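Labels run A, B, C and D following the written order; every chain starts at residue 1.
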Amino acid sequence: MFEPDQLPHILPEYYTRARDMMSLQNRAYFLAGAGDEATLLANETAFSCARIIPRPLRETGGGSTQISLLGQSHATPFMVAPFAYHRLLDPLGETATARGAQAQSIKTVVSAQSSVDLAQIRSAAASCDWFQLYWMGSRERTLELAEIALAAGYTVLVLTIDAPVQGVRDREIEAGFQLPPDVRAVNLSAFPATRFTPLIEGQSFVFDHIAHVLPNWRDVDWLMQSVAAPVLLKGILHPDDAARAASVGAAGVIVSNHGGRVLDRAPATLEMLLEVIKRVGSEYPVLMDGGIRRGVDIFIALALGAKAVLIGRPVVCGLCVAGELGVSHVLRLLRDELEIAMLLSGCASINDIHADMVHLKL
Amino acid sequence: MFEPDQLPHILPEYYTRARDMMSLQNRAYFLAGAGDEATLLANETAFSCARIIPRPLRETGGGSTQISLLGQSHATPFMVAPFAYHRLLDPLGETATARGAQAQSIKTVVSAQSSVDLAQIRSAAASCDWFQLYWMGSRERTLELAEIALAAGYTVLVLTIDAPVQGVRDREIEAGFQLPPDVRAVNLSAFPATRFTPLIEGQSFVFDHIAHVLPNWRDVDWLMQSVAAPVLLKGILHPDDAARAASVGAAGVIVSNHGGRVLDRAPATLEMLLEVIKRVGSEYPVLMDGGIRRGVDIFIALALGAKAVLIGRPVVCGLCVAGELGVSHVLRLLRDELEIAMLLSGCASINDIHADMVHLKL
Amino acid sequence: MFEPDQLPHILPEYYTRARDMMSLQNRAYFLAGAGDEATLLANETAFSCARIIPRPLRETGGGSTQISLLGQSHATPFMVAPFAYHRLLDPLGETATARGAQAQSIKTVVSAQSSVDLAQIRSAAASCDWFQLYWMGSRERTLELAEIALAAGYTVLVLTIDAPVQGVRDREIEAGFQLPPDVRAVNLSAFPATRFTPLIEGQSFVFDHIAHVLPNWRDVDWLMQSVAAPVLLKGILHPDDAARAASVGAAGVIVSNHGGRVLDRAPATLEMLLEVIKRVGSEYPVLMDGGIRRGVDIFIALALGAKAVLIGRPVVCGLCVAGELGVSHVLRLLRDELEIAMLLSGCASINDIHADMVHLKL
Amino acid sequence: MFEPDQLPHILPEYYTRARDMMSLQNRAYFLAGAGDEATLLANETAFSCARIIPRPLRETGGGSTQISLLGQSHATPFMVAPFAYHRLLDPLGETATARGAQAQSIKTVVSAQSSVDLAQIRSAAASCDWFQLYWMGSRERTLELAEIALAAGYTVLVLTIDAPVQGVRDREIEAGFQLPPDVRAVNLSAFPATRFTPLIEGQSFVFDHIAHVLPNWRDVDWLMQSVAAPVLLKGILHPDDAARAASVGAAGVIVSNHGGRVLDRAPATLEMLLEVIKRVGSEYPVLMDGGIRRGVDIFIALALGAKAVLIGRPVVCGLCVAGELGVSHVLRLLRDELEIAMLLSGCASINDIHADMVHLKL
């Protein structure tokens, strides 16, 4: 196992060391973006364009990063984002991740495509009670997966809607990425693959196969009514879609472009966060992910209206570099940086973080 | 011949491999731009500044990329752009290109300067029925060439007006580009070169020779009336010129700067597309080319008002890398990427692609 | 000792030579910024975006760079910024710095964390009569330090408020920076370190230890009333804080982000200078530091409203390269460059430098 | 001597070859800029931000680049800019330059600091009848130099006012630039150097020596009245100074920042050209120099209101690479490029080049 003094001391070293340690295939899968990676870069660049105005001499004694979200108390305004196949990086896979987060009292959103059984993860980490769903090709199958998750003790569901196809994952194609035999989406094994009738001349795989097994807004509406738990929609970018999510009963939305891994040229999430908040107001729970690499990025997202953020690649890098301990350390470093940013800007609580503390020129 | 598994798997690899495979001379001719290549770069950069807002959960089942243009049905909203001298890259030249496009039900605009006889190309590929004209120095000669093309079965003509001179092709001059003996503009062999009287002291080759054999708007007007086929004007950038093209009876315009190969410092075509559409409205057929390297670029051009786009360098790269098969594969990849972009933005048909789906900050 | 002809002849060579001469640790401490160094870079970039419009043919004979500030006469509108631990770079430490500045009739703001006794520095350089304070954890201790400084002959105090914590100093952590045994903040030795009660589960070092020993506005107000000398607040960025500083009796403010060494993503000081001046008007003494590398930068800051500027890293580089002589030479070069900029823009005095002489596009 | 086929074929090759051929000292003197070369770069960047909208199908037969300026006819709207010490690059110095320009019917503005006698240059090249003056420290001496030039046959004078001091020429200092014994400002040999009284404590070389021998607006006014020839002021950037130049009787102004060689951070000349034209209107003769490297740059400057432009570094590069022939060839290439730009934008004469043909986003 890792000794603490072998760990990186700073966040960027986790990122560079993970990049070096990963195989070409894993690097393409976990770190690369779709297409020319314009959206991946845009996510990060948007944060780097923001400026935080420090406010010294304000009282912050006894402050905290705690938030309340959907009736739950969270120690920090950030969670671990759902990311598939953690066993590619660590033999304990999602169990290691969830435990590392738990050690910091931070919640994990477990991916439907986790490489460890969802119930096993749930029981390994008490605070890990959010589960991410993909549409399973039909209402019944999707509901079935949801109910398996709820039965295992998950209490909040996140339906990811922005990755109905793989996207143009050129970096994975180049690297020849494929799952090794011992890593699978174990939660989905019981669900047989969709069988399509062969395409005829002039038909398209995208429009004549894939498109027929995708959900529409009525399906989502139905799911909201059918599941006995709050459901957030993840992968919203357009303000109108955020408003519609609210109207069909979504417990919240997560502004996301799937980490730039699906539609290259999609806008930066930080940019769309602003437009979404403008549309749905500041009361409705809007979360976001994409491009967060530093504690100040979390501060910025919160200032611009996010109720919480999800952390993907930094956690993946922590897992790669040092397993459970690495996950825990990366999350701790993010929290330390966030606390320092709060102190320097005179914010004793997350609610004190306001839009006028951040200048964003995009 | 090429085995499919030797082909590049992704579009950028076609571009880099072609660049490596081409001779210095061919690279200068096919891939370089005029002057300092500012316009070549601007064409591409304009697209990379555009952002597509995904719209999940909209129904796209049974969708298609089909369009109707000038009364014809096209399987895709993109065609192969006219580009001279394909035999520099493949012994079968434009025949290979046209067949490769035909295999994807995609139309080719055959160049007047093709290195294979226009009739031969026409008969090799059923869907290849657009022909590009240059002004031949006089009305009569231009009409003669047009009539040869129509007699060979071409049904739509494209008059290129933006390359009356070579431009400042420094990269070709540096590379010492010249046609090898076995590659010629075979369609033009029957037309003797224009003979100029010698220049006298103080006269200029540009103003006193070249300028006298160029067409003006009245010539174009005359041609429109004289040819028994729809004629589009290619090489329009100024909105006033687009309006004038419509007024003299052009069947449409193609916003183009000749791929940045004539006037370096001409604006990006995507930028001028917006202004042209503003001027002539959304009904008049406005096409464009220049800078398209990805399926998302096609989506962007269509969203901003183009009825269709022309694909030049990507096809040239496909031809260079793998002949007919390479052309076909490049076009297939572009189509796949376009379909994915449509699915992700919830567009079941080309008509569903609207301006509000794209943010463009230039 | 250095012979004059071994000295760099131009300012940038001081910067590059110092970078090369410093140990990795010192480079991280003196030259690096916090986090990803975005704010460090932003400070410099803001100046490089400014343009000075020359005004030839105006009379400047007999002109000078002299200013009057807080009732004192200064030979130049710039001073040496407070920077800790000069003995890391030169055995004579702050004495060398203050003497080098004195040789140019330029004032030094001595750091509370100087590695030479404050009284010793004061007596070594007649013009060196500004002293910088940190908050010492309580009103009494802070006042005690102030009174020690005043007793030693300092006449103006600068309370630095923007570095209540270390910030995310990744570059120092990477380099393993720590003070060698023979370099200490000698002025603070008499003040015992604050003792904290151990943190309990769920408490945070930042909010439950550090935050409790930081000053607030009431503390600053109290200090202003209690000290028999003018006190400036250093580390103001927000216009409201500048206004509040004025209202509690601060003799002036220094717009600063601690050279980008505390909160990475804080805005460039030049940018905030504009907003601060807009808020407090042009009469109130507003100084600034951060990003000044050239004489034209000084001109720009003055044109945009600063009454004077502080010079940090350039002086540090001078000290590193050639000790006292290097400090003196760097300051002389800055003054020469400033005089040339004044001559070229037709300004015979600092009061002639107006905002309309500078275009700033940020 | 050079054979034509040894010459570069394209403009950029003149620039790169000259850079390689020059000694470090000459490169610093002729090609570098002051300070950090921000203004040098800004001059070029401003042009590269401009876009020319082509206008095909307009009649340009019999067109020409001829202009009328101050009652003279010029074959082209560009002249050779005054640049000192051509004998550093070619043994025939300014004679070679003037003859090379003459071969293209292009005028040279001879520098007061030419390394060949002004009368000798004048007699070597019939069209070379503009002479550039520096202020000689007093009215009488300046007038004396002007009258020497007029007596030698020069008919237009250009008083350079933007280089009263050397500027911060760090690149020259680094390179140790100094004139070799056989290269001098021969026209100025008869004028003894100004003797200054020694500076006393607290005085400044800039304000107490240099500033006392510089001209002011009254001096310039006096010169205008005293010289029997039109005088242009070179080195104007501020619109108010352009207006004042007109009011004191200057025959025109040349918007210039001395090629970025004096005040680094001065704005790009193209940017200030726009403001100057806005102020003095389109009738008053406004010329410009700085940053022109291509024929399209000339087109852009003319479109934005310049009546003519001066070409400095490109000519210097031509002289360095191939002496008189190189100068001639560089000017010919610029003219060819300008003619092509005119043809492509449908301009048969310089008067046809209008502001609406150029988009400039700075």
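Definition applied: a residue touches a chain if its C-beta (ideal position, glycine included) is under 8 Å from a C-beta of that chain, and two chains touch if they have at least 3 such contacts.
Please read these numbers as outputs of a predicted model, since none were measured by experiment.
> Using the contact definition stated above, find the chains touching both subunit A and subunit B.
none
> Can you tell me the C-alpha superposition angle of subunit B onto subunit D, nearest 5°?
About 90 degrees of rotation relates the two copies.
> What's the farthest chain from subunit D if centres are computed as the mean of the Cα atoms?
So the farthest one, by centre of C-alpha atoms, is A.
> Subunit C-subunit D contact: same residues or different, taking over half shared as same?
Different; most numbers are used by only one of subunit C and subunit D.
> Using CA atom averages as chain centres, what separation in Å is found between subunit C and subunit D?
The answer is 42 Å.
> Distance from the CA centroid of subunit A to that of subunit D, rounded to the nearest Å?
Roughly 59 Å, centre to centre.
> Please list all residues of subunit D that touch 2 or more other chains.
none
> Report the complete set of touching chain pairs.
Final set of chain pairs in contact is A-B, A-C, B-D, C-D.
> Where on subunit D is subunit B touching in the complex?
9-13, 48, 50-65, 75, 294-296, 300, 336-337, 339-345, 348, 359
> Over in the complex, which subunit C residues touch subunit A? Could you list them?
35-36, 38, 42, 161-162, 164-165, 167-168, 170, 173-174, 202, 204, 206-208, 210-212, 214-217, 219-220, 235-238, 241, 257, 262-267, 272
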